[in-house]
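Take a look at these structures.
Paired with subunit B in one complex and with subunit C in the other, subunit A is shared by the two complexes that follow.
What follows is the complex of A and B.
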């Protein structure tokens, strides 16, 4: 890819601003639906950053998997569990906020210090293989990364079965104790919560 | 600034660090369980940006970082599916998604 360097800078600045402001919106906004849609924007901008790094295949995978699957899944989950509830206030919320914010800022300053002070031994020229990266990824996946590739397929199968088992409703056609047929429609409304709140 | 050959590697690394810290903050401070999952996704994306940056700047011939990113994306997809399934079954049992009410293992 040979975009002019000024264009690259402009693209990088815009994309990273969208990523950071969108991420702040995801964690700070009150409405969870806005957060989910902003998360999609963050994923798209991260895909743009990958394009700037000359990785078109990974950018396409990012859009397909994150925006197309993970984000849609999150929106579905919000749709299924979105109930207005007034949260119980926590009494030491202020000290918690202070502690967590200071931990995050400390970690951020540490990471930025490492980023800026370390002397990176960069190879040159930059982006030498360019659009051949897709071919190279395929070669990696079927030669030296073959075992992780196969294990990943087993992992995806396990996640698929596990998600079905976890999210399925355990509904039987007859009530075990009484033997009467169970009203399948009302099974969620009628059942008592299994665990009650401790406090 | 305009006489550089490319974007400095530090710029990408700083963006990734900031995204990771935002994710940690969200993870620690969210009360909605769905938002916690979103924060985890943000952190995974920060890690991916880091891997891609080093793959492009340091290892640009054998781009092994890109292969790692593919695997991280795979694991993230599996994690999101299982996490949301756990969330649904939690919601079915406790009728809430408030993180403060999931305190069964608290001593």
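What follows is the complex of A and C.
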């Protein structure tokens, strides 16, 4: 075995172990903050696997989108609502666990079936393009994958408009749940007057 | 354009002369440029810290450090030694693992980004195809480290500082990436080497700053915001947040944050000089001078000379920008958080989008000036 192949094998083993153990940690750990940070680690190691496959552009995009945007937003949301309190015990936890485990196992068996039935080997080793993949991805996005690409951007626009409507409270003059008129002041302002009149 | 020194090739040939296989030679070669760049980055930080102390002193009509070495040049080393031997404290109610991992996550992506900084045609660690995109991707990891250390400190100032840092770096990443995209559009390549070569045609006249003046200003503002330099240093605003996410840190862990922010500043200055100021190019093309003096451009001695001019030019341009950044820090007041977000989302984002659109239009209209 040459040095290059050995290095590749070691990298692959380490990255796969990090992905597997990290993913298990995301699901099994009690602390939601640890889960969120581990998720970032899993995303990073998946990017490392892409790098091993010579897909450097996909790897960088994975880091930028999943670690830099998705995971940061998840952590951000957790920290903004982070209350240090114990979660309430759920009554029928046992049956819930059984149901979710069986769903996961079904999904796993489906994936294993796809893995076993699909033909993975490339027709020739010359098919790997390495550094030129950026150009090839661009060509595909603007020719045969143009419609999915544009539809995805419409989806993102819809999500953005939805977020703006939710954030701008002057769009709705009454609170949805209580029906009371909405306070149109800044969110940061305290709802109680800071200096109470002592007279 | 493939001329110039290729140290890696010569080194491998040299080792093969001793009967080593090319694989072994490659493995011996690999750590050398990395170590060199790491040392260069740390020395760059020491110089910048000294400059910061001296320039701030001049701006405030003080003398600044003067006893440690001539003109106080050894002061940054004294600072570093002090931080090195200080007690490493983890607060009792802090989260030990995350508290330690935070500073590492902040520093590592910044150092990794030096991978793509070229000091000459072959003088960089690796000419990866995704080039400048690697830097954009890596710099998006940093907010996770900041959030991590802010959360793990178990202190409300730290948490607020971490949240502010993440919000700031997310909102300034978008105009930053868009202004880089305009350059990439003109170059037809993401590689930093190609970006510099595309500007090397007519010396100072062909630098990107003349073709992308708006992009240059947007990029510089965003780079300062990403480094949390003073007009935008809200995450560690002393008057409001003590020291933001670094409040609970001491000793070497604090030094990692300190080192990270200064390495990031130098990296940003280097990247501005590569993207907009012609990288290692001399204001008058070196080939033109060599032709006028009737010197052969491929002679070994001339090549060593041009390579050293390239390194000097890159560092000179970068330190000019560092000087501007330091001057800005000691002469401008801090913006408020709402002003910061307004500037990012309502001003820089539309401007950089318009810049990208206009660049694309100009590229179609004048392909000879804006890259065919």
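Note that the second predicted complex is superposed on the first by the 138 of 199 C-alpha atoms of A that agree within 3 Å, B and C clash if a C-alpha of one lies under 4 Å from a C-alpha of the other, contacts with A are read in each partner's own complex, and residues count from 1 in each chain.
Rule of thumb we're sticking to: contacts are C-beta pairs under 8 Å (C-beta built on N, C-alpha and C of every residue); 3 or more make two chains touch, one makes a residue touch a chain.
The shown structure was predicted, so the numbers you read here are calculated from the model rather than taken from an experiment.
When both complexes are overlaid on chain A, the residue A:80 reaches subunit B and subunit C alike.
When subunit A is checked against subunit B and against subunit C, the one touching more of its residues turns out to be B.
Of the two partner chains placed by the overlay, neither subunit B nor subunit C lies in contact with A:98. In the superposition on chain A, contact of A:61 is made with both subunit B and subunit C.
When both complexes are overlaid on chain A, the residue A:88 reaches subunit B alone and has no touch with subunit C. Once chain A of one complex is fitted onto chain A of the other, the partner contacts of A:49 are limited to subunit B, with no touch recorded for subunit C.
When the two structures are aligned on the shared chain, A:146 is found in touch with neither subunit B nor subunit C. Once the two complexes are laid over each other on the shared chain, residue contacts for A:40 go to subunit C alone; subunit B is not touched. Of the two partner chains placed around the shared chain by superposition, neither subunit B nor subunit C is touched by A:161. Shared-chain residue A:137: touches subunit B; no touch with subunit C.
Shared contact residues of subunit A, touching subunit B in one structure and subunit C in the other: 57, 61, 69, 76, 80. By the touch criterion stated above, subunit B contacts subunit A in their complex at residues 1-2, 4-7, 9-15, 17-26, 28-35, 37-39, 41-42, 45, 48-49, 52-53, 55-64, 66-67, 69-71, 73-82, 84-89, 91-98, 100-101, 103-104, 106. Of all residues in subunit A, those touching subunit B in their complex are 5-6, 8-9, 12, 16, 19-20, 23-24, 26-27, 32, 35-36, 39, 42-43, 46, 49-50, 52-55, 57-58, 61-62, 65-66, 69-70, 73-74, 76-78, 80-81, 83, 85, 87-88, 90, 96-97, 100-101, 103-105, 107-108, 111-112, 115-116, 120-123, 126-129, 133, 136-137, 140-141, 145, 148, 152, 155-156, 158-160, 162-164, 166-167, 169, 188, 193-195, 197-199. Interface residues of subunit A facing subunit C in the complex, by the touch rule stated above, are 2-4, 33, 37, 40, 44, 56-57, 60-61, 63-64, 67-69, 71-72, 75-76, 79-80, 82, 130-132, 134.
Against subunit A, the residues of subunit C that register as touching in their complex are 23, 27, 98, 128-130, 133-134, 136-138, 140-141, 143-144, 147-148, 150-151, 159, 162-163, 166-167, 170, 173, 190.
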